[in-house]
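Labels run A, B, C and D following the written order; every chain starts at residue 1.
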Amino acid sequence: MNMKITRLKQLLAATGFIFATGLVQTPALAQQKNDPKFNKMIQESFRADGIAALNRIDQDATQKFCSDPKFADSKQGQAMREKIQKMNMDSIKQPSDGKYIGDWKNGERIAQSGRGATWTDTAETPIGGGCYNCHQIDYKEISYGNIGPSLTGYGKIRGYSPEVVTYTWNRINNSKAYNACSNMPRFAHFKLLNEKQMQDVMALLLDPESPVNK
Amino acid sequence: MQRKLTLGLASGLVAALLTMTSSVSAQKSATDDIAKYREMIADGNPSELYEAAGEELWKKPAGPKNVTLEQCNLGLGPGVVKGAAAQLPRYFKDTNKVQDLESRLMTCMQVLQGRDPEEMIDAPFQKGPKKDMEAIVAYVVTLSKGDKIKVSTAHPKEKEMYDLGKRAFFFQGGPMDFSCASCHAENGKRIRLQDLPNITEQKGAALGWGYWPAYRVSSGQFWTMQQRLNDCFRQQRFPFPIYGSDVTIALSMYMAKTANGGTVETPGLKR
Amino acid sequence: MNQQRRSVLKYSAVFGLMASAGLISTVQAQEWNKAAFEGKGLDDVFKILGAGSPDKSAAVTLNAPDIAENGAVVPVGITTAKAEQMAILVEKNPSALAAQFFIPAGTDAFVTTRIKMGQTSNVYGLVKADGKWLMTVKEVKVTLGGCGG
Amino acid sequence: MADPMRVRAAENGGIVDVKILMKHDMESGQRKDAAGKTIPAWFISTINVKANGKDVFNGQFGPAVSKDPFLNFKYKGAKGDKIAVTWNDNKGDKRTDEATVS
């Protein structure tokens, strides 16, 4: 088992994936100090507009921690990192109807849309998943970003086991449960997507009939 | 179970890496084609239309005092426009502030012409007084085209602004947890097909800072740096950054200083 | 079919006949061709322009990108050896005809402009030379860009 | 009043390369305003270019030509030719600008 894990680490390093930031050794570091001047600047530089209220710049613990990437990625930051991941993990709810897989066609529409939640939107504007902004998904869509990993062939490659399904559900709900400072938004935590929409995005990745798995 | 799950995912990852190679070539040709597209539209930048209008506005008496902007001091002395934008933001003694191009122009409009800066701050982009500001900016930045970006942090206020900007660059907030760094702190990243410059490094900062203000083909509008930053914050799902506010100047200072040595290519032509 | 549409067709037929007979003068070149610009499909516009069903020709080059980063600005040009008229059509736009050009003697058979495309579509370059209409076609992909917001 | 154009014309080997940028919104007629009402089409419909008083180019645009239209063509001419570009839009607005071939 141990040997396997060592090999896995080598493989991940070789393919350029920096997986566990805790492996990187850094000199002694402390979290950046509260700076009244900075706080004042942030407070005075913004105004509320439409649905974009001023409380959007009030940081929660995760945001505060991740705004100091040097510390967040350091050995010294590890304990805090784990605490934040646990906090986010604990906030995840499994689907109320026990259903994980919805309609992949609708999931594709959600994945395509990067709209919603800006001051030019209203509370009624449907919020998109914005998935293609960062991920390759259906290989037929050539306009995709690469901030996140490719998800082409997601289910076909990983299989459709309950473990994969639960992991995927959790990751869409709250990516910070696995990586405290993941670039991926916390879709359930901030109610960006509702349960049904997340089931539909799940289907895009994990329905064997989805073009992602063809 | 936790361990089994990790291993399952890991083998999935390996398989994903193997299948990725085939799609990489398709992606490469798509980005090559986009480069060709950009080349095709490079000739004939509609920014020129704004620049011409801006030059007229610069030389036209306006405001309650009915005076032109020709004596405006953009940092190189009253009336010197050529090369001035390449050295902004900078500290100005008369206002005792670090100012970017637009906040400095507001000072000139207030002092020379007697115009109320609040009217400019409150106006929507592309309309009313902002429309004039945008044309004037197009004129001023064109006169630094080809110059080297040369921003100083020698004055303590400049250094302070730079530090504040750097911190603001990594400041996460909003319902999507985004900061500037979410998209602009790594090399080789894209949103959809758009390359994202890594602004934490000189090369990337020069690619970003050096090409804005720009004519934006998607909106058919000339965008100043203030509008560019405003739209970044909009897409970050932040509240509305006040025009000319310190956070916008601090971020500009961080970008410009990081970009030092790069070339001013403004006005650019952007997607 | 209502009265108005019928008269448009009648007018178009006459206009087309005149066009094919080479009777278009500068005066007509400066009279905006409403019927052609309001024609919906490709065939409609071909008919109104008097082009019938033009032959595909390698002599006509359409300079357009394979992928447009933004549908709001798609650079499109036509180059050929000889032309009296040229036109740019986009199959999937609400109205196919984007622009039409009249080339007097002494002016090169070359033009470049920029057009809007609502979606990925075939783009047609149409050329009338020595009274005969020729065409070329190329697909231009329009991609979704930015954060989509 | 309509904003001025940018006209560039340069001669090389007896051929004059003319590049024109026009300032115009080219409203497509397909867009809706905030209230959901269709914004009516408003676009340059005809463009005429003369060199020393003689037609060298005529064009017609539909609303599918991009905002701030760009046009490039070439004619047989010489340095010093006087170029006059005139556009008309579908609301009756018009604009003429001139340039000298360099």
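Note that in this section a residue touches a chain if its C-beta (ideal position, glycine included) is under 8 Å from a C-beta of that chain, and two chains touch if they have at least 3 such contacts.
Quick caveat, the model's predicted, so the values are computed rather than measured.
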Practice problem: Please find which chain has its CA centre nearest to the centre of all protein CA atoms in view. | Solution: B
Exercise. Report which of B-C and C-D is connected by more C-beta pairs in contact.
Key: C-D
Self-check item: Rounded Å distance, chain B centre to chain C centre (Cα mean)
Solution: 38
Quiz item: In whole angstrom, how far does the Cα centroid of chain C sit from the Cα centroid of chain D?
Solution: 17
Self-check item: Averaged-CA centre spacing for the pair chain D and chain B, given as whole angstrom
Solution: 30
Quiz prompt | Inter-centroid spacing, chain B versus chain A (mean Cα positions, whole Å) | solution = 27
Quiz item: What residues in chain C touch two or more of the other chains?
Solution: 72-73, 114, 143-149
Self-check item: Multi-chain contact sites of chain D, meaning residues that touch two or more partners
Solution: 26, 66-67, 70, 72
Quiz item: Of all residues in chain B, which are in touch with two or more distinct other chains?
Solution: 30, 191-193, 217, 220, 234-235
Quiz prompt | Chain pairs in mutual contact under the definition given at the outset | solution = A-B, A-C, B-C, B-D, C-D
Practice problem: Could you pull out which chain C residues touch chain B in their complex? | Solution: 63, 65-70, 72-73, 75, 114, 143-149
Exercise. Using the touch definition up top, name the residues of chain D that touch chain C in the complex.
Key: 15, 26, 28, 30, 45-46, 48, 55-67, 69-76, 90
Practice problem: Using the touch rule from the top, collect the residues of chain C that touch chain A in their complex. | Solution: 141, 143-149
Quiz item: Where on chain D is chain B touching in the complex?
Solution: 3-6, 19, 21, 23, 25-26, 66-68, 70, 72
Quiz item: Tell me, which parts of chain B touch chain A in their complex?
Solution: 1, 3-5, 7-10, 12-17, 19-20, 23, 26-27, 30, 160, 164, 167-168, 170-179, 181-183, 185-186, 188-193, 196, 233-235, 237-242, 245-248, 250
